[in-house]
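Worksheet: one structure, shown below.
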Amino acid sequence: MKLILTRDILLRPLQLVSGVVERKQTLPILSNILVAVEKDNMTVTATDLEVELIVTVPLDKPSETGKATLPARKLLDICRALPDGAAVELSVEKERGVLRSGKGRFALATLPAAEFPALEQLQPEAEFTVPQAQLRRQLERTQFAMAQQDVRYYLNGMLIELKPERMITVATDGHRMALCDTQARHPCKQDKQVILPRKGVLELQRVLQEQEGEVTVQITGNHARFVVGAVTLTSKLIDGRFPDYQRVLPRMDDKVIEAAREPLRQALVRTSVLSNEKFRSVHMQFKPGELHLHTHNPEQEEAEEDIAIDYQGEPIEVGFNANYLLDALNAISQEKVRIYLTDSNSSAQIEGVETDGCKYVVMPMRL
Amino acid sequence: MSEGLSGLLPWHSAQWDALVARRHAAALPHALLLSGPEGLGKKQFARAFSQALLCAAPGADGQACQRCPACVMFNADTHPDYQRIAPKEEGKAIGIDQVRELIAWIVLKSHAAGYKIALVAPAGRMTMEAANALLKTLEEPPDHSLLMLITDRPALLPATVRSRCQKMTFTAPGHDMAAAWLRRQLGDDAQSAGPLLALAGGAPLRALRYAREGVLDQRARLFNDMLRLARGEADPVALAAVWDDFDLRQIVHMLSNWVADMVRLQTAAQAPLTNPDLRTGLAALAGACPGKRLYAYLDQLSETARLLDKPLNARLLLEDLLIAWPAAR
Amino acid sequence: MALRDSTDFWPRAIIHVDMNAFFASVEQRDFPELRGKPIAVTNGEQGATIITCSYEARAFGIHTGMRLKEARTLCPDVIQRPARPKVYAHISTAIMASLCEVSPDIEVFSVDEAFLDVTRCQSLHGTPERMGRMVVDQVQAASSLPCSVGVSGDKCTAKFAANLVKPNGFIVIPPREARARLEHEPVTALSGVAQGIGGYLAAHGAHTCGDVARLPVSVLARRFGNMGRHIWLMCRGEDPDKVSADAAAPKSLGHGKVLPPGACEREVLLTYFLHMSEKVGARLRRHDLAARRFFIGLRAAQGWIGGTFSLAQPGNEARAIYRLCCAMLRQVWQAQPVFQVQVTALAPEPAGQRDLFSETDQKQQAVEHVMDQVNRRYGEFALAPARLLQRSAMPNVIAPSWQPDGHRQSI
């Protein structure tokens, strides 16, 4: 294997994949990246066994094909410290990866490429494209509600559901749920559900930087792959069934409240300062035309605030974790929000007044 | 690895054939409990079967091909669908964090769209919390997953864990098979196969380990010291200092064997012994002390064995044992 | 503001108050005919073990933890009294609340013991000695019960001091004299120094606090880590332990019960476990707490069997806790005879957040909610699962670290 390129062209893929290079080093080969040269391009692969990232770089100088694994961190540190635009030659000589640049020569240890646990070609059951901006928005609007290290392991990720002409993302930690439903062209005739693990979601968000362009999505029985320009991200899926999220949506015919988002958000931020640090509970009394917020904490401090709302129904009092409401209000970008309530023990649904496919469901706290 | 130390061992064939048959019948269990004395190669068996299960082109006997990409990764310990948990340090427990990590891995779908296999060895080292955490996975295992629990002391596992595993028991091979295999491994030193096997309770791998650790020499020296102790030529506390660096478990094991032989000799002078090479010395010791004291000493030895897992001062335990040596005058 | 005289102002001032033979003293207070007589308080009429005994009984050599039978051989006239936990809890709460008048920095160490940090009250109330007297007066006013009060510059010395003047005594050891006072005392006289450590120290020729204080701290630190360092400081009269007055949620919350002799029937144990699960669940719910981890234990001859069992989600339902008990019986109990059951919620945390996909039965939650309301009004177990009709009248075990319910709220 031998290739010649400039420092900057080598540096970018190294930076992109460094996020998934295993830091714990349980398997030494996982702290390496796989560099493969084929015809006129080079691929750089890193994996932590959960998420795999491949960056493809076209080569314009003549090169020799071959594969090698090289220590990711050290290679990155060397490249970073080379001057901008420096020419770099990377080759494998006697099982060592040798990088030459200017008068410098760096010989790195390698591990056999065949031992690197890279994924083979996938046989996708579904393949389609969506605009990057749309997928990014869907992740942003729902990702915060994913569970972390929950024993209900299927909650530690995001549901991606394909329905005819639609793609729905859902995340929940059991206390609240975020859902985003958008149009998508895909070949699936039947409903399909996969759960992308938390790590895969976060890495995918990192990869979806651009506003322009399309993402190719490939789904197999075990993996989901996203091809974004030169970057291919593949994540294992969670082996489990996501709970029936439809079941926990409130009826939406009972108590309907409309409020300006920003004043509500600010009032919640202010009052929650004096809420119990762990509970974060805020009592909300919805009355015709007015919402009364009340918090207190073990130090006997308390906060109260009234804000105007558009509501004509029966007075109702509900307790919520202020953080959950704030997460939802932050994810909504519209000026006005609508809140659906049933009773003080049932879930509340929050959404922007203009339908955009995003819904937030929050379970109350006992008063 | 030298010949015979990877892959299948000659005395594994019955268990192997049973598992391969179940694999062909698509009737593999989700959880297997491999139990049997230490030194029979249970881990090696589990590894070989795991590799065969992940191999792209297993042979007619069900063994891994050793050549396909999966086998290359497996042999390099980098196969993503195979995990093993063991105590992080020698003698420590398998903690709940390790089990949680294992569960986080096993609830993800497999890398190669085949099996995902986890080995827990020694399973008896799991803390109660760790075992409880594993219970849920044993109850509702993900598809195409296989958990292999390996233990030489199944009683250390909670009944609920045991009852959720298919059991597969390993017993020591016949003496001829064991001795033949061991002689091949020992090469030049083949004649020590007999005493080594006797010392290892017939477990060939354990016997081989003893050979590498020079346990036979240690045994000869310890026996000589115990004779001196009996004759009053050595001081127990000074001896304890000499033997302090040696594995106390090993010492307790050897002493137990000798005392058991002494009890046998008191019953019948020609009784078959675990340590026939030491017959003369053992007979002299047996003649010098009352049977009651031998039994009491056996009790003390088993109590000491029980205490070995606890963080007690090994030197003190050893001193106690040497002071109480029943043959001492 | 009072003048801060440099000789009178202590850098740290700690008061330890210990109610003498607390339960026995309450009995003697409430039943004048018991005064001056040897009293042994047991768990109910059937209790065989002495929880505490009066000083008159102690004179015969009777002590806490002794079997009643044995006590009778020492003193045939000893009077057995069944414990009245509710009364003790009430009195303890009143005492602890009254002590807040002296200093808000109070650590309720157990039902009959407390530490007060009065360092910052010196300019308000005067010398530590004066505040020690205030403590005696407060206890007297709140309960008319005897107590021992030790005043010193650290927790360990204050407790040691209070121990010197039992019963009904008062003592001040100024911090600058603490080391000299401890010099010839055996290390094991200090609270928290176990026999094992004492044995190790003795092997190094260190028997008294003075001996230990002269050892290089590294000797103890190497062998016992932070605990060793702590002991070394304690022996110098410089116990760094703080009086922790935080009103944090209890670290654990549990109930135990002594079993009738020879109990080794599964059905009997299940009834006891259900009983304890109901109690722990109700108490968790009362304080709006939930726990994920529970200690489920049985005491057998060789010690506790059982261990920590976890729910998938933090919970406070008796049913869920009871299921853990059943799992424990299946897993670790091998039909050996046992003397006591224990169910303890470990690290309870605030409950209240409802779950979208709660696996717990909504109906069951509603049932338990109604049960709680009825029982709060008509008394514990006015409404209970039918199985508990067979529950025993065996009294509850009072743990040494037992604290009155909800005292933290009332303080």
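Lettered A, B and C in written order, each chain numbered from 1.
The rule is short, and it goes like this: a residue touches a chain if its C-beta (ideal position, glycine included) is under 8 Å from a C-beta of that chain, and two chains touch if they have at least 3 such contacts.
Model, not experiment: these values are computed from the prediction.
Should one ask which of A-B and B-C has more C-beta pairs in contact, the pair is A-B.
Of all chains, the one whose CA centroid is most distant from that of chain C is A.
Here the CA centre of chain A is 46 Å from the CA centre of chain B.
Here the CA centre of chain B is 45 Å from the CA centre of chain C. Within chain B, the positions touching two or more other chains are listed as 136.
Residues of chain A found to touch two or more other chains are 151. Counting partner chains per residue, chain C shows two or more touched chains at residues 312.
Of all the residues in chain A, the ones that touch chain B in their complex are 27, 29-30, 47, 49-50, 111-112, 114-117, 119-120, 149, 151, 153-154, 156, 197, 220-223, 236-240.
Interface of chain C with chain A (complex): residues 247, 288, 312-313, 349-358.
Contacts from chain C toward chain B in the complex involve residues 307-310, 312, 327, 330-332. Touching chain C in their complex are the following residues of chain B: 128-129, 132-133, 136, 158-160. Within the complex formed with chain A, the residues of chain B that make contact are 69, 72-73, 76-80, 100, 103-105, 107-113, 136, 142-143.
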